[in-house]
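Two complexes are shown next, each including chain A; its partner changes from chain B in the first to chain C in the second.
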Partner chain A sequence: MAPALTGAFFVRGWTMDWSYIAAHVPDFLGGAWVTLSYGLIGVACSAVLGLLCSLVRVFRVPVLRALVRAYVELSRNTPLLVQLFFLYAGLPRVGVKLSAGACAVVGLTFLGGGYMAEAFRSGLEAVDRSQREAGECIGLTPLQTVRYVVLPQAFATAAPALFANMIFLIKETSMLSVVAIMDLMNVADTLRTGGGRTIEVLSMLVVAYVVILLPVSLLATFAERRMRFAGFGRQHTV
Partner chain B sequence: MDTILQVRHIGKAFEHNQVLRDVSLELDEGRVLVVVGPSGCGKSTLLRCINGLEQIDSGEILLRGEVISGQRKNLHLVRQKIGMVFQSYDLFPHMRVMDNLLLGPVKALGRPKEEVRAEAERMLARVGLADKAGVYPRTLSGGQRQRVALVRAMLMQPEILLLDEITAALDPEMVSEVLNVVLDLARDGMTMVIVTHEMRFAEAVADEVVFLEDGCVVERNPPEVFFHRPETERAKRFLQSFDYAPRRRAAQPGANTAEEQSAP
Partner chain C sequence: MQDSGVSILFKGINFQRLLGGLWVTLRIALITIGLSLALGLVFGLIMLSRRKVLRGISRAWLEIVRFMPQLVLLYMVYFGFARLFGWDLDGETSAVLVFTFWGTAEMGDLVRGAVSSIPPHQRESAEAIGLTPMQVCRHVLIPQTVRRLLPQAINLSTRIIKTTALVKMINVTEVLKVGQQIISQFYRLREAPFWVYLTIFILYFIICWPISALAGWLEKRWA
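Moving on, here comes the complex of A and B:
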């Protein structure tokens, strides 16, 4: 590399220390792996929780419906940081001790579940009631109707919101350092406060997040387009 | 002949709107019952009560002698025997025509897919849609969609088929292609309850006509009686509301003789 050339862009002869960067790539790879795993586990769990919650609301299950409502508001209107502190520092006081990993997954799921529930709900509500009746009129059980008739259509409508939530949740993993998870953010913080080179560390952090999230964003755009234009009968896809 | 459907003194209200007061019907196997009446008289509600989309408040409904009203569990088992097609077709937009057709027989009845597929292809061909199995409903015309909806209902091999104004949303030139399919089914001995505003079709397809008004059966007669010598004043008035064209033609000399000849 050419330190002098790079340095020319900055004041007072500052140069990017490429050897420092090269030496710490493995740390960031480890952090990226942790970020991505917690992010995806969180997305998967909150999608399941969100779907269940949205079904409870759309099908007006008594009692559960009120609980879900309260949960959604609680999860959307408190910061993840507070939720994590509650799990990590609060719960042990009442005798519930969760490992750091468990706190991370529960916290992300608690947060994401509320958002996912709202995304699914908007999708489900966009499916006309007559579709449900048509399904039941050909003798499907209510559950089969949901599975084969309502949900596929709801997914297509909800796809943009679901992908937005996915990206949001992966980014929220940057909060997990407060429960001592060695994610990207924590790796960077540890290096920096341990006397590492700040700009190099932060630059690597930015690059690492982009490398993780850009494919997800592109996938989202692609999938959204497919869902919107494929299944519903444009001639060119047939 | 076996009685398939018995509707006994059913009543149904939405809040304070008493839509059905006291309706009784009976339908034998292979017969076609046409229900007519002014808009809002409860025709759709009657059909929806029969297949359990609405719960009745009083009376009972029997299918082959078994009470089917009043139960909420296992409604799907009842509906497997009662086909229903609506004005709005309600095909599943995310599935190709063939998948629309396979869903009920395969998932609800558990029949082998290939067997149903072969049958579906035969029936599609019969309604003139042999080449449409692989397309999405959105690419079909209204008349084509409605024919697919009819095939979808028929593939369940229902004991009885309920049709609720299935041509009401169609452009005039597509009405006959759909009604011909229904006439065909009637000739094959399909038991049906048909709600329609197409009076000529009603006359052609019906074994019996029921005139519904204010939630009650006002008149019940064979079509040749109902359409030409209705017994009640209310039925007469109702039928006159369809009469613009013949009356205007009657003003032209010689035109009304043809009308009268068509009457038995």
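Moving on, here comes the complex of A and C:
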């Protein structure tokens, strides 16, 4: 168990095999595409579910409100890996059969919906009451008030948390191999266990995640800055 | 009456076996939480350091561990280190190493956030009424920092507990693996997987939910 350092820092005679890397670029491109698509589909579905849940909580819809609360607590307090095992290996035995892709999307949405709901809720709650009252005073219908007054401000406040959730969810797709999705992690694992060169495979894996996550995170920073306009109607703290 | 499969939980010591599997992940989580909270306090002070180099290095560390999926980091240490450096780490050691590496950075960022969220006038007023620097820390700065830090640190602990479920992927025999063993042993019970995985789901919830509820309660109380 104790790490035994074998003479030199690197294992002797070890070199990077560039031709191996070149040969397997297409595999990783395929995996990256799968990771990114499931990530983005998961983010989109979570955002919709989360927004609906947060509206139910903020506008205190009876009955539904309690259900949403229970759901948010369940999704935020259990690991995705366990959720996926339940969906993929547990549910089919009681008659609920989902394809691998459906399990992946449902799992990501179940997890992400809870996180998104909390982000939207904090955004909605930060919009001062006076904003809604003012909207109604100038003759907007309740729906218009929500659409044109409350939501834009809530989005702006919630933006940093929403983008953080987005990156979190894309990273969480690395667990989708347990429902037999050929994402980046699964591509790497298949190559590695099939006698591939471990270090080359892991290096490509890291590079692939950087290629996917870096633009997303830069875009998020940029969008956050653009959305920082809503400060009206809020109590200013010193 | 036909056996629905729920009975698998009460056959022999199956339930205790599941709890034993859960303890494997919890043990990793507890060691990681202890190390991360302690090292994170130091890391946070480094992040607040006046030296630009120290701040830059700690910032880079934080960004790197936040950027990569935990599973990739885990693979790098568990499979990569053996190949690259000849270190043959077992799954649990790799997990503690990786999660502490991550948890320390996250905790450090919480410390940095909590300390820098205290407005400067707090220190200035305390000095103006004649408190010594030690007294300023003891009676003004530390109590306020702790109030901001503690709920977030508790939340981080639940994140660490949930993340340790990943050790399944590096061949540690934890609760999901034990569940699979039980299922294959009682393969005749058709609905057994449903009940086993539901139980594991509920067990995680029973552990994490009270902790996040405590964090939420403290946050509201101290806000």
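Please note the rule applied: the second predicted complex is superposed on the first by the 217 of 238 C-alpha atoms of A that agree within 3 Å, B and C clash if a C-alpha of one lies under 4 Å from a C-alpha of the other, contacts with A are read in each partner's own complex, and residues count from 1 in each chain.
In this text, a contact is a pair of C-beta atoms (placed from the backbone, for glycine too) under 8 Å apart; a residue touches a chain by one contact, two chains touch by 3 or more.
Just so it is clear, the model here is predicted, and its values are computed rather than measured.
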Taking the superposition as given, does A:G90 touch the first partner, chain B, the second, chain C, both, or neither?
second
Using the touch definition from the top, say if A:S130 reaches chain B (first), chain C (second), both or neither.
first
Partner touching more residues of chain A, whether chain B or chain C
C
A:V48 contacts which: chain B (first), chain C (second), both, neither?
neither
Tell me which partner A:G139 touches in the superposition: chain B (first), chain C (second), both or neither.
first
Where does A:A180 make contact in the superposed view: on chain B (first), on chain C (second), on both, or on neither?
neither
For A:W14 in the superposed arrangement: first (chain B), second (chain C), both or neither?
second
Looking at the overlay, does A:A156 come into contact with chain B only (first), chain C only (second), both, or neither?
first
Taking the stated contact definition, name every residue in chain A that is touched by chain B in one complex and by chain C in the other, in rising order.
238
So in the complex, the part of chain B that touches chain A is made up of which residues?
51, 53, 75-77, 79-80, 83-84, 86, 88, 90-94, 103-104, 107-109, 134-139, 152-153, 156
Note: in the complex, chain A contacts chain C through residues 1, 3-6, 9-11, 14, 73-74, 76-79, 81-83, 85-86, 89-91, 93-94, 171-172, 174-175, 178, 185, 188, 192, 198-199, 202, 205-206, 209-210, 213, 217, 238
Given the complex, residues on chain A that touch chain B span 130-131, 133-142, 144, 148-149, 152-153, 156, 231-235, 238
Which residues of chain C touch chain A in their complex?
5, 67-72, 75-76, 79-90, 93, 119, 121, 158, 162-163, 165-166, 168-169, 176, 179, 190-198, 200-201, 204-205, 208-209, 212
